[in-house]
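Submitted below is the structure of interest, expressed as structure tokens.
To keep things simple, chains are lettered A, B, C, D, E and F as they appear, and every chain counts its residues starting from 1.
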């Protein structure tokens, strides 16, 4: 479910903000009748994501443009590799070029970065998760790209999981409630289909949350040693997720603590675009 | 003109994709009556951008939440600095937190990176420009953030400038037209209010474009030496813009060639978010 | 979170489909200057829900119309009781009357019916749940009305809970998977924050699902005896929900089996409107 | 004109509120390649309405799903009868199931109830009319369903008929105008293409309205005797419509008074859904 | 009901198509802090219409801009007359100027032309009507402007009146139905609140339509003599409307035939804008 | 790029405001099965524009209706000429008729008027330009129609050209800036791709603007003699555009001054519709 209404809607707004219907350069220089072909070419190593979105961009600008995929989302690509070929009216391709590449480079960038983390923890049980630190309006594209890079998705949004974070705990404390009280309230009152995850910052908090019935512990910015102890303590009682300032250097050490999940906002909030260009075929 | 309809529209979509109206954690734990205050705190050095957008996010979730700015867009910030304070119903702040920060961290990231380029060319005439390699749906926010970082904006979209790029030239060549023909066609046929900019890849092309009447030369991926020669050649006849693979290491050398403008897609397509957090006040 | 964007959007569509801006009767007979007051009056016994929505309808038609609530959502009402009073331009009230009442009567009807079920199981642990059998476009209003009637909400939508129903099981069987296989797949692959609920139709299936790790059993159209056995079997291992053809006659007997939840589509798909009228004050 | 823009729009919002693009159960368990067939099966006696809408729901979720109708809107159905068959990707059918049935059950419920009233007055001249007491956002679907049940439509909205109701009369009285004044004003000032209908509550009012030129009399909550007298009085001068608290028990007695029309809000505001289910074919 | 949702929607689109948020001239030259005042000045004789719409345009661009009306919609204006005054930020006024004037000049043009027709038939019973030949998307603004010019509105749209035109009659004839058949069908089957109007082209057709029960006759492109005869024939039985090629030269002669209504598409499809300008006050 | 999203959007709103889905006349009289053909026929001399838009209207009402063009946009038409033929369901054609013609008559009216101006300056270098005095919501249709009539387009909107008009100059003067200061500011600060056009009202101002670096001079309401002098003065330094109160009588005299462009708001703000009708074929 990548090409859903939200995707087409975002494409339309991207095309509108680029004013493709008023591309004065193309209008001035290219006759509507000129036919041709272009290829999308990788300029760096990475993992591909978003080709169907790029295809939808071209088709939205000119319904007769059809993108033929030469690689698949989720597969590794290398510099010079042809990713797709589009035939048809040259004017439409030129209008659509920048918007299509903006989507494709962003999504492939996310997939590429995710794949680096996944590779870094290879052989260990920890699975790499994204966060809600996605680009406004791009949530489902970002989460799709993470999956293409081999990662798994955490919550889609605020409705599909209880995650009690530092500010919730602080707010409850201001009402005189302990961490244990808060966790118990959540377990009892939450929609029945949802588990309860709690952010903890120490061994003591972890134990308090476990005893209060938490289903998942979010270990925020902890040392590997602390994580290892909590993982042992939680085994069979709750799942564990590590997060906070984990980067490619440190991710394997974190995974070796035995946590079930490692989440990183950087997958989506600090991504380098993958370099991809469009070339007119002679 | 930052808080225009497109901005509110994007905020609404971002809030919808995060389902703030169905925040099960907040619904379960926080009573609607609880009042409090939070601050937005910088966690790294950078340049601030997007505070009015963050404020609009809070107000959209709960119209009684008003953000009091403690710093201004465009100003430098340092770790620990309080950027804004919001008072009111705690539940609304918690619902809005992630979306507000997603905007603010992204925009401040763009401003911060831009400021690095601007600082790198300080004292030289070259001005730092963005490109159309912005995030789909975020064009005007990205361009605003570039300005907050001290950069200038290139074209907003395809309608407000003639820019003849490699693919346009190739397409015209396929019709038997030389670079000079293409430039002349553009000068003659373009909307009268628009200048004509042409991408050139060699001294010869630069000369051909100049002679055909180009108003601006886009020097793509050239050596500083070639740039310097073209800049000399163009003086008094056309403006010059350097682009292509320019990074923080190389940007000063490029600026020293005397080009009028230096543009970089990386300002907006490969940005690291600036770390900013929200903290409930005791 | 009742008056969210979706609500205003639905109100606008309702007003548009009734063409309130072209109310030829009011346009023909009522001068725009005439002031007055109306009351909303209950004509039957029930539970009130939707007064803020009715208020929003009046305000949308004429921003100067302000509804003063004389009763609260969730409270019982009796025939002749004044529920709200609105003062201002008579023309606006007349334009808005039907749309405001259509919302209010529907929502109060849902709350009233829910309250009957809740009363019927009083003193027993079972909680009354709604389903996704809501009116297209009215999901969050229907679910709000259920809460006002004292019921609890099941899933909001397909994203916030795993519920393996008969057709999922049949589809998996067609692929050679047993019920146990399917449950195990769900437990393993589902988003980590979500529990797994399974529809079962016999003791054997219930046992199979329990052993495969189901967190909740949906007991569909079972005899009270079978339910009672499964409830005993599941205690401490999984929650239980009864559904299917349960009405006001039978609901107490079902609750006496000890199930945790009882869900009924009829709360929202077969509701009688609560009779409420608008009366101009002399 | 059933599948108009408003219908597709409502379908899209219904699918969005059910988050069909994020059906975690289907995503977790059903592979996108699995093909199959389902049938829609009536579980109770009634009149069918809305099959094209249900078909549009399936097609909207997966354009390759095509619904083959096995019965026609407006025809009677009986328990166990197959109403439609859909072939294609199983995942799409499962995502769409609830939304498609929510439309179909509601619309068939309205048609079924209408047909009961129509049958009750068989052989008499009175025609059964709906009202504007429809579900917000469903006006044209409700009115279509009434037609499928053999009823006729009253006004679509406030723009296509003058109907002077109790509150209009009261508002005019507050300005010193008699009922006759009000009717005369309406006849003179109304758009030339529209007739004038007036709600009357007694023989005296009926006579006053007739003499003032009313084209239609709305007899609200009257005894059959009074209705009969007014019908006689109006013959050849105006049409008559009975309304107010008429149910299946009393409707024939009302029709026997000779009124031209009988309208009932209950057709649309208090409808029981017709039980219809979707079954995967082995 | 002028400033309804459709109006704001059209204003937003008009502002978007003019890209007021990217007014490069104003952005380049006017500081956001500069305050000032402007007046709207009539440059020709005419009738004013649309001042509230112009006001809404300014407020939409900058909510702090408030238009003070110096004349009222529907009143005559003369060259040099100040119609309105706006104070506030100069930048916003300059951005909004063209869009506000485009609405105001158009609407005042329609009102001015209508007033000419109304004046031409002064003292005669005939009332001047508009048609559905309005500008796409401007229906309700055009019809409002006609009223401001002293005209009356014909149908708002296809739903609020039966008007059997030449093509309907031809289509029915192709099915073997006479004009009388068609009229009788309409009278019997039409929604009960609507009258039946029929286009006739001769005395014979007029008689046929009358006898079949038509409530209104549309006399299309007839000689005054024929009209006069039909008017006499229809007296007490039906209303009459003249249309087709009637201009300011001929309209009085047409009115003298005694027709009840005269309609002209030219009021809205061939309007000269009324010249109005905006001037910055020293 | 005529049939862009804005066009379809405008068509949808035009169809909605005409309530084509509730065409009571067609619903009452025409069976959905009746097939037939219609032609669109010119009733006056002119230039055709908008046939694809008319075709889109028919297709939007009934996707099976396909318009076969018998003439091309931009070509001259004469009375009685068949412009297009449509075959299919008669009901759909009747519903769409008015909306399709409203677009077609308006656009052809604009093209026709433009062609008159173009013909009037034949043989002279001046090119005929439109302005931003277009109908709200119709900007791109109006500008397309101007091109079909042989004219050229001035700015699409406020973003794609610097045009310093009287009010900008007055606002700058209020800040103590001379015309020369203002022009210099614009040249220096404007987006690099845009030329600077300045409205001047005298020879002195023209000279001042030229010396300050203006690229284009807008000569507003000047005598031919003044224009001729300025044209001479500007040759080789700037382009010239004449505007203000130029009509068909005077346009040739203006063109003979040697100006590069002549712009007229009347092309789009005061257009007579071209008479075109739809006729059912026997």
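The criterion applied here is as follows: a residue touches a chain if its C-beta (ideal position, glycine included) is under 8 Å from a C-beta of that chain, and two chains touch if they have at least 3 such contacts.
If you're wondering where the values come from, they're calculated on a predicted model, not measured in any experiment.
Minimum number of contact steps separating subunit A from subunit E: 2. Averaged C-alpha coordinates give centres for subunit B and subunit F that are 34 Å from one another. In terms of their C-alpha centroids, the spacing between subunit B and subunit C amounts to 46 Å.
In subunit C, the residues that reach two or more other chains under the touch definition are 6, 22, 24, 140, 156, 159-163, 191, 194. In terms of inter-chain touching, the protein chains here follow a pattern that is not a line, ring, star or complete graph. Contact between chains, as defined at the top, is found for A-B, A-C, A-D, A-F, B-C, B-E, B-F, C-D, C-E, D-E, D-F, E-F. The touching residues of subunit D, counted against subunit F in their complex, run 1, 4-6, 140, 156, 160.
Touching subunit B in their complex are the following residues of subunit A: 6, 10-11, 13-14, 17-20, 22-26, 28-31, 34, 36, 38, 90, 93-95, 97-99, 101-103, 105-106, 109, 132-140, 157-165, 167-168, 170-172, 174-175, 182, 185-186, 189-191, 194, 265, 269-273, 278-280, 282. The touching residues of subunit A, when paired with subunit F in their complex, are 12, 16, 21-22, 24, 27. Residue ranges of subunit D in contact with subunit E, taken from their complex: 153-156, 159-163, 191-195, 197, 216, 239, 241, 260-261.
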